[in-house]
């Protein structure tokens, strides 16, 4: 039933997308499409939540007479699917709500409206698919529609390049998944997931499939070094689409990975987890370091997605390590942490991207170096964005901390693992995770401080207007969810129970209601965390102190020029900028990782020209991996191109040689 | 089928191969034309002989076509072209006569190896024929790809096609041979007229080189 | 051979032949275009009737069996839609004076004659007839390619002519060899050239001779398929001829040539002792895909670009048949059908685009989705279809080829995918450059006939989402036939 | 009864840390002054300063936002809460299960986050300097701290402070090399986190050197008072952390007699005093290092932490 509703919703979105083509001339179509998307997503959210929370006992399945001939299109909605469908639907709800207001700023809605619902449809089919063909079909559909959205602002050359890179990477990932499914289907004898579940795979197959799945899903999710397209493509799209891509599509990629590895494959060799842990750790740290180097708000957020994907994959790697060593309770803990972080990231990353969209709409700026002081102009957006920043920086009492805390707890049970390699690697990964958490805080001090605090750095920023109420409501809904998920992590953990149960065969200990009791991942004496009471206490303390101050003797506030050690600077230009803020961290980390070089051009006294600092940063992934490949392709293209310009005699010569060669082969064969 | 018939057929087709090698050896236009006339003559003889041997009267037509069209009309036409377009007497070859001859001989060897070892069961008659035919075809192609001169390329193509005729005639009881020979006559006519129409000077490559410079479809 | 009220196979040949004759003498080109469409429509209906009428025994020269029937229908269908497109196309050509009524008479006659040749090739039950008709079709296209009389056009058709005439010779030798191989067991005369009897005796044919024959056939017909390194004529012929002819070339003639290769492969498959064609086909297919993929990057001419993409797809199909497992064969047949639909559809768009922009240089085309939305999005959709993106059907065939082949030949499939990826990147690079960005050049709208393209793209989408069971059944038993 | 008692203890602890914190700062200053041969301000001086600051009316820059005004309260609340969670004179605090060691560190992190934001709010260059340097230092200090936590957690099998302390107290545990290493790491981190020498000089207002001072430059009146108080609370927190983890002797166990509680309190005061004196001596003996040598300093802490964690495996395997 729930599955039928969900499929109906996806079909409705499909129709909506097609219908928007029909209504080219109709003026209110933008509102219509987004409102429709909002309503439909709401329904599918309800159905998926119902499936997850109340009906997790039964897993509805449907087979439609379309798709791969002689097999049909299989759809299934188990706990995992319903969880991710809920994430997806929530993304749809909030982004379409935001777009109800934001969509008005769109110069060419005709390039977005048809693809926005289709994009959602593709993702929901990926999540509901129960055979390889439907899965890949939907996967590529997702890629194509999102590509169309990325290039929707097609007049900027940069967007086109970003879209090109994105599409190639997406297809590359699709191919690897195709190979993975080819292997699975070959062993299972059918493209249906049900057959793959029941099949037993030889260890080498399992290893290769896992590798392929990591590459395929990783390239979509943004694992280092497959992430390069992400920070270019996500910001290129309109902000509500960026929110969907960063907040939801990367999660769909995570879903694909979990589905293939934990559900279909169920590997038995622990070595594979080494790869995941390593990639996850490196991705987390490099992602946030990249982010710290950015000036473009949306690009910073996109790089941050890379970091969080790293964190999620660390959790998955841990789960794999424990599961393959038959320590199900620890596997359950790690998997819960990973899934919890998945939920959290989709919440606060959508929130932040929507916030950046609001800022973009208000100031027309993506460069943080031209913002500042928005806290006075856009109070609502500021509060929501602040909450999001606190959440993504993994600070209590918000949700980001809860999931990272669980991940740390999972890391701390690593001594139970028999393999030394894993023990050491996991500790190292833990250090990397801690590093990335600290850097994330730094990064969002920068992001929030530069764009919302201080004094406006440009006229646009100075004259910014608060966004419309639709956008604000979308922002605040996400912020509220971040807060709730942070305050009552126990309930979320309980809700994740069925998912974890069906994937690793055990769940975390049931978190005791009522909600104000602490969250206990393993045992009371071992570790526990109670966000709600901490929050209450913080609030109370704050109030108490205020009261105390008044009691000691309250004096009204006076306003006067800033002190600044006696050198109050007249112009906002003298404020710290993104580059200068990141400078210490750049000198500490980036000089080695990114080969960052600063050149200072200081004019002599009396010269009129301004002094400038130029920073050069090299992307190791691009320099080391992509640039050579591109060079090679063009080299070969150039080498082969003369084949177009040979003389007829030469062409005939080629054919003649081929003939003689084949004859020689034949004479040998006989 | 007693061995006398066979020996004559064998002799004729063998001499066709010889003629092909002679074609390869030529480096003067008119000499080339003469040798080709010989080539066509031998072909028509051997086809006629086949017609007699297999008592398949329709093959006589093929022989006649070969005689009239290839041995008389085409050479005449080509002469006129040479005269009109003032083509050089000297033929340029790619990589000299000597290596070409060597290549030709090894090609003959290859074709013998392939065909003779292919058909252990097949009757000697068609087997030998096929071997020679294949040799002639390969030599014809070799001529096309090693000669820069339009005329010699056309002649190469025609000798190739003579090989086909030889094979077809040798394949006992094969239908449509006549039609095919007619079709080829038309095709060759096309080519020759084409050369004439497009005023191709000196060598085929010139067309291409002009084209490379001005219009090889796509400029570099 | 039992009789029916009427024998569609014969009429399938009569109609194009007769109309070719008639059009050759018709002066009014507008009327000629209409008649052309009408004739194509009639033959399309006839081809459909083939499906309905119970099948006759293989005749002396003609036959209809599982393999060729779908290509007959496809042939007639694409011929019909193309004639619709060409009606609009030539109108514009006449208006800008690139074509004169005299040339058009020739054009229409040749168009029908070409269809006649291809239909005969598909219907032929005799390898000699097959050879003759394929060559007829080829020479017809040679003449059509040169129709613009520009230096480029003449050069292209000349190249086409030279390469194909050598190929003709090779194919003929292959045919002769096949005859000789069959003669001893099947018996002399036409019997030994008849597909129907050849297949029944396939196991007893002289193996080494048959292998030799296959090599020559492969090279002969392979040249028309456009397999590397015999492809040279294809891009120029596509680029310089009138666009309807490019559509027919890519959509039909390549298929017909490939069909003949497949026939011979089936013959080999029936004989256990011959050399297995699989590896050769795989190698040539792979080489073709990789080569075409890299050639896409430096292209400056939109039609040549898609010509190379046709080469690539012929490589893909050859590769699939080389793999030879039932799924791959199925995918190969499907891919043939879908490619001809998609590629001809693309050429419809390309034709209109080059007319709208007054140039087929890629550099002159930009921002189509803005200046000519239908053309731009159409080109984009066609490109996405041809590179195997869902919801288009080619996704299905590539899915099957790769997933079925990977476990057996992992490295080969990896190379294959590499080729696909490179080609993909090259095509998207060029096309997104043309479809997006700030429009340049002429921007005034032109008269477009959307119907043919829409039909094609719709058919391709349907194939990707839902293949009718009848089609699936047919493809499957044919795939079994191929083995 | 038990609940009342425990909540009473918790209340006492919270008041205690609040009362002691400024005194500790005063003590350190006094010691340094004496060592430098000055008389120095009396130990109670910080209390007076705070009181005066509380009475003064804050002066805000024209463009200071609401964030600037609530940040001090938040920062104070976070820090005080964190301090209240660390056992000072007795174990088994009722707040204990609310937050384990990781959460305590994260609370400090939150405080720092808001401090850095409020520093950026007015938009002065000094605020920027302070904030950017602070986050750089933190980005090194926090991982090091977490590695120390890992070691402890791996040794004691828990991140719960009371459990760790109980474990260290238990006779089973001998002298562990990894514990020693993490102790050293923790000391280094404590210096960095509390912006003491050689990382930062709390007494200076030289533009180039200051970090923490630069951040609170624009704050005044009660806001400044709260921030100062939070700073000294943080110092106290680290001291009591070191005390309760590495020298847990004298800590009263839950449900003990009043006298033992008293003893625990005295022990605690003793620990604080020694720590304060040591810090004073330490700070007088060395000079501040250049900002970009801080990474080396904290990198050492990081390495120590990692080494400790790895050695822990080895020692356990032996």
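Each chain carries a letter (A, B, C and D) given by its place in the written order, and its residues are counted from 1.
In this text, a residue touches a chain if its C-beta (ideal position, glycine included) is under 8 Å from a C-beta of that chain, and two chains touch if they have at least 3 such contacts.
Which chain is which protein? Per UniProt: A = NADH-quinone oxidoreductase subunit L; B = Hydrogenase-4 component E; C = NADH-quinone oxidoreductase subunit M; D = Formate hydrogenlyase subunit 4.
These numbers come from a predicted model, not from an experiment.
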Quick one: which chains contact chain B and chain C both?
A
Set of chains adjacent to chain B and to chain D
A
Chain centres computed over CA atoms; the one at greatest distance from chain A is chain B
By count of C-beta pairs in contact, what is the leading chain pair?
A-D
Whole-Å distance, chain A centre to chain D centre, using C-alpha means?
35
On a C-alpha centroid basis, what's the spacing between chain C and chain D, in Å?
78
Chain centre separation in whole Å, for chain C relative to chain A (CA means):
44
Can you give the whole-Å distance between the Cα centres of chain A and chain B?
69
Show the residues in chain B shared as contacts by 2 or more other chains, in ascending order.
114, 117-118, 141, 144, 204, 207-208, 216-218
Multi-chain contact sites of chain D, meaning residues that touch two or more partners
none
In chain C, the residues touching two or more other chains are 158, 162, 166, 170, 208, 211-212, 235
Testing understanding: with touching defined as stated, what is the shape of the graph linking the protein chains, line, ring, star, complete or other?
other
Report the complete set of touching chain pairs.
A-B, A-C, A-D, B-C
Residue positions on chain A within touch of chain C in the complex are 65-70, 111, 132-133, 136-138, 140-141, 143-144, 151, 154-155, 157, 160, 163-164, 167-168, 171-172, 175, 178-179, 181-183, 185-187, 191, 633-634, 636-638, 640-641, 643-644, 646, 648, 651-652, 654-655, 658-659, 662-663, 666, 669-670
Under the stated contact criterion, what part of chain A meets chain D in this complex?
372-373, 375-376, 386, 390, 393-396, 401, 405, 408-409, 411-412, 415, 420, 423-424, 427-428, 430-431, 434-435, 437-439, 441-442, 444-446, 448-450, 453-455, 518, 524-530, 533-534, 537-539, 541-542, 545-546, 549, 552-553, 555-565, 568-569, 572, 574-576, 580-585, 587-588
Where on chain B is chain C touching in the complex?
114-115, 117-123, 126, 130, 133-134, 137, 141, 144, 157, 160-161, 163-164, 167-168, 171-176, 179-180, 183, 187, 190-191, 194, 198, 204, 207-208, 211, 214-219
Residue numbers of chain A touching chain B in their complex, please.
641, 644-649, 652-653, 656, 659-660, 663-664, 666-667, 670
Listed in rising order, chain D residues that touch chain A in their complex are 51, 54-67, 69-70, 73-74, 76-78, 80-81, 95, 97-100, 102-103, 106-107, 109-110, 112-113, 116-117, 120-129, 131-133, 135-136, 138-143, 146-147, 150, 153-154, 157-160, 163, 205, 207, 217-218, 220-222, 226, 291-292, 295, 302, 305-306, 309-310, 313, 316
